[in-house]
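Per-chain residue numbering starts at 1, and chain names A, B and C are given in the order in which the chains are listed.
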Amino acid sequence: MSTEPSNLQGQPAPPKGSSRAQSWGGEIGAVALFALSLIFIFGGLKLGLGSFFRLGTGAFPFISGSILAVLAIFVGLHEWRSKGLSHPPDWISFLAIVAAIAIFASTADRLGLVPAVFMSVIIASFPDRSLSLMGKAILGAIVSAACWVLFIRLLNLPFKAFVGM
Amino acid sequence: MDILSSFYSGLLVVLEPHNLMYCFIGVFVGTFIGVLPGIGSMAAIAMILPLTFYLEPTSALVMIAGVYYGAEYGGSIASILMNIPGTPAASITAIEGYPMAKKGRAGVALFSTATASFGGGMIGMIVMAALSPSLAKLALSFGPADYFAVILLGLIAASAVSNGGALKGITMVVAGLMLGTIGIDLTTGDLRYTMGIPELRDGVHIVIVAMGLFGVSEVIASIRTNKGGSIAQKIDYNHFYPTREEWKSLFAPIMRGGAIGSVFGALPGTGQTIAAAIAYAVEKRVNRAKNLFGTGVVPGVAVPEAANNSATQTAFIPTLTLGVPGSPPMAIVIGALMIYGITPGPRLLTEEPDLFWGLVASFLVGNVMLIILNIPLIGIWVRLLQIPYKYMYPTIIVLICIGVYSLNNNVFDIWLTLIIGAVGYWMKLYKFEPAPLLLGFVLGPLMEEQLRRAMLLSRGDPMVFLERPISATLIAITVAVLIYAFYAAIRAKKITASTSSEVQQEGPNT
Amino acid sequence: MIRNYLKSIGASAMALSLLWAPSAMAEPGAWSDEPVRIVVTFPPGGASDLVARLLAQYLDTEFGQKAVVDNRPGAAGTVAADYVAQQDPDGTTLILANNAPYTIAPTRFKSIPYDPVNGATHVAYIGASAPGLFVQPSAGIKSLEDYITHVKDTPMTYGSSGVGSISHILGEAVDASLGVESIHVPYKGSSPAIQDFRAGVLESFYDLAVQNSDMIEDKEAVAIAIASSVRNPELPDVPTFKEQGYDIVVENWVGLSGPAGIDPATVSKINETVLAVFANPEVQDRLTELGITHRAMDSQGYTDFVANQIEVWAPLIIATGIAE
């Protein structure tokens, strides 16, 4: 038997800004899943169902799409009846991470690994206000140097540290 | 006994100092590479492969095997500490492991996984030593219809791998099945749902889905809530050891997980994922602490780990005796052997006994090394959590980017991770579980492949699924499980108000 | 039309310049201070990957040319071929390519982002391996004639290593040539197909012949015919399709190419060095084990070979119905 007390004790106190609110997220999720299932059902029909002997390209997406459609309806009903509580989304963190990954993706090939890591770290650390810009730059420099040593020098991955140098 | 003497001679081979050294290097390198997000056993083996060209076959295989299970174990470290699993099996470990880390018990979680990994590995090794020929025969008696049935059972188990209840679980599994169809159709070569994007021809890589749904969304959700260091990890060594009660609670799950893992591991292609899912689902039913599953309990973290590691060992059976690689890393193992002119196949056991028994014995030595190496390292891993999160999370993000980029050396994969990560964050907010989706995503294409193949081979007769004894048995079990789950759900609804379970689930996500 | 014409002029001009290049007698040796990347169109572990790693290893140990293997699988080899086409033609990025990106893709796909003949410098041909047809011993089929009579009455299932793979293309070519219709069952690679064959659920399969010599010896499979132009010395008892009156030659070849415009001196240096590696008896042994028959070809010969292969394969690929 585990000696865990209860899962709710021993947790850090809920941080500020996470006041829980009623939301329609669960229902929206069910609707999104239902829409997804329709895409696969109709896509499956278009790709062709084939025969029992030669199941077509669309058969499996069609079958799983149909099952998902039914399940999504049940999930929607369930969510509607038992209103879930949830955290409000943290848009600033969300956007910072999205931007950090995007900058990495758009610079890794063009500028090289080291600049990509450097910029990505600085952008990712945007939501944090306890670090100065200088601190963020130092963090970026340390992480990019470490990545260079680890991935290019030690692991010998086929990345270029800097492009055009 | 013949097996014992063979094993003994194998042990002598491995205990030669140079082999011992290669085994250690393998385990060591594997663990450290495996910890890096997105870089799993596959990449680790590929990296070390050129080095093995200079070794004799047994040393090479011992080292590769060390890297393989080292990396698998390293992967579970990352999923426990930071919720960034690189494989479906590790995502199941994360279900219990990550909440434990959040409660300041990362040390215990890592200690339990190390122990479970060792226990599972030993069970796998014993099974491999004693039953290789029969398990190879078992794998040979599996036709496409039987594989289909086993995957079906695995998917039902996968729906239990969530905290959100069976309905949402199975829904996410099916959603995963559908996403798995993206890409070129194996049977006809037609493109499906690729939206004209050439990079989607080969489908979406599992690591991209895992890194997006788990890694990226976890980081976004944690920036404001996780200060790092604020979770007091108990870092003195006494606190790494599970309590006496926990020790006792570890034994049975390891045995069950190891046994389930060793059987499924011998089935090429599906082994490890299904093993971990079924082992967890079974444990969730039979364990005395079953009501606490999902909140971070020791048996829950041990069981998928034992199953995974035991399956990792027995996965060598079809690889070596049938020449059928069960997973991409195993394909590299076959490739490495072929470089030495050794063709894996039914003859390997008789023609290369030193190699086979050396490998089996290396599992013993390697697992001992893994545990010797990792118990002291637990302190270091746990201290990672003491680093303020503001330094950690930008690093995690770039590591994820690099890991994903290294899959195909294509930045498109990073963009895809970004999109999946955004969806994953949304799923996290509204408690749509990513683990069942990941399992469905991995097993879906295999399921479709076997289904269509079974129908082709039976020339369109669906009765094949009920005529073959293996598939008929498995389908009967699946139906029974489904009926029971339905019955239990209806009964539970009548007895308890549904809200109480909602409150229970808040824990791990706080 | 005009563009093709211009292209062919370009090709002949290049051919002339190659013929006259004074460096045709280059000595084998390192050609770059930088490590050379050998791009492979498959994930690690396959025969192509093995050849690339073997090459990289011997380039380093024999000639001091550092080389790393860079696996860029995807979209039937076109991802790797496109990537290489865009790199600097300085001899530091090469691709270990095969039929897939250079002779199958041009016919199979509506459009490919590179030109398989003029958009690349074809540096050195390495070798080829031939697939064969295998049936269950229990079927009592001993020869191609038996096979034909058997499949005329009852269509047989055959396993291939995937849609559009060499074994699939061969299967379709055999069907067309014999005038029969078999049931194609695609697998992901040949080993799962062989597993189902061993399990008895699959009636026949096509796969690279030499890799299955153990099964032939153990009487687990009967090799009906091999799709090479002459018999393979490793399998002297397996007849070719050709000698039995069916002109079916389908070979899986591999060679080394780079981006278009590598300077001719470097090209012949690389060619000589690669040929020297493959002349090494140890390397030859490994190739033989993989069932690959090595043949020396210069850069021009290889370029012509690739161009010719596109023509040879086009009708076969169209026959499979996989062409977009």
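Annotations for the structure displayed:
Note that in this section a contact is a pair of C-beta atoms (placed from the backbone, for glycine too) under 8 Å apart; a residue touches a chain by one contact, two chains touch by 3 or more.
Keep in mind it's a predicted model, so treat the numbers as computed, not measured.
In terms of the distance between Cα centroids, subunit A is separated most widely from C.
Chains joined by the most contact pairs: A-B.
Separating the CA-averaged centres of subunit A and subunit C is a span of 40 Å. Averaged C-alpha coordinates put the centre of subunit A at 20 Å from the centre of subunit B.
Between the CA-based centres of subunit B and subunit C the separation comes to 35 Å, rounded to the whole angstrom. Among all residues of subunit C, those that touch two or more other chains are 68, 70.
Counting partners per residue, subunit A has 156, 158 as the residues that reach two or more other chains.
Counting partner chains per residue, subunit B has residues 185, 187-188, 409, 456, 459 touching two or more of them. On the subunit B side of its complex with subunit A, the touching residues are 33, 47, 99, 102-104, 167-168, 170-171, 174-175, 177-178, 181, 185, 187-188, 190, 192-193, 216, 219-221, 223-225, 230-231, 243, 245-246, 248-249, 288-289, 292, 294-299, 390-391, 393-395, 397-402, 405-406, 409, 411, 414-415, 417-418, 421-422, 425-427, 429-432, 444, 448, 451-452, 455-456, 459-462, 498-499, 502, 504, 506-510.
Subunit A meets subunit C in the complex at residues 156, 158. Those residues of subunit C whose C-beta lies close enough to touch subunit A in the complex are 37, 68, 70. The touching residues of subunit A, counted against subunit B in their complex, run 1-4, 6-8, 10-12, 14-15, 17-18, 23, 25-26, 28-29, 33, 36-37, 39-40, 43, 47, 51-61, 64-65, 67-68, 71-72, 74-75, 78, 81-82, 84-87, 89-90, 93-94, 96-98, 100-102, 104-106, 108-109, 113, 116-117, 120-122, 124-125, 127-128, 130-131, 139-140, 143, 147, 151, 155-159. Residues of subunit C that touch subunit B in their complex: 43-47, 49-50, 53-54, 56-57, 68-75, 78-79, 83, 157, 162-164, 183, 185-189, 191-192, 194-196, 198-199, 201-202, 211, 214, 218, 285-286, 289-290, 322.
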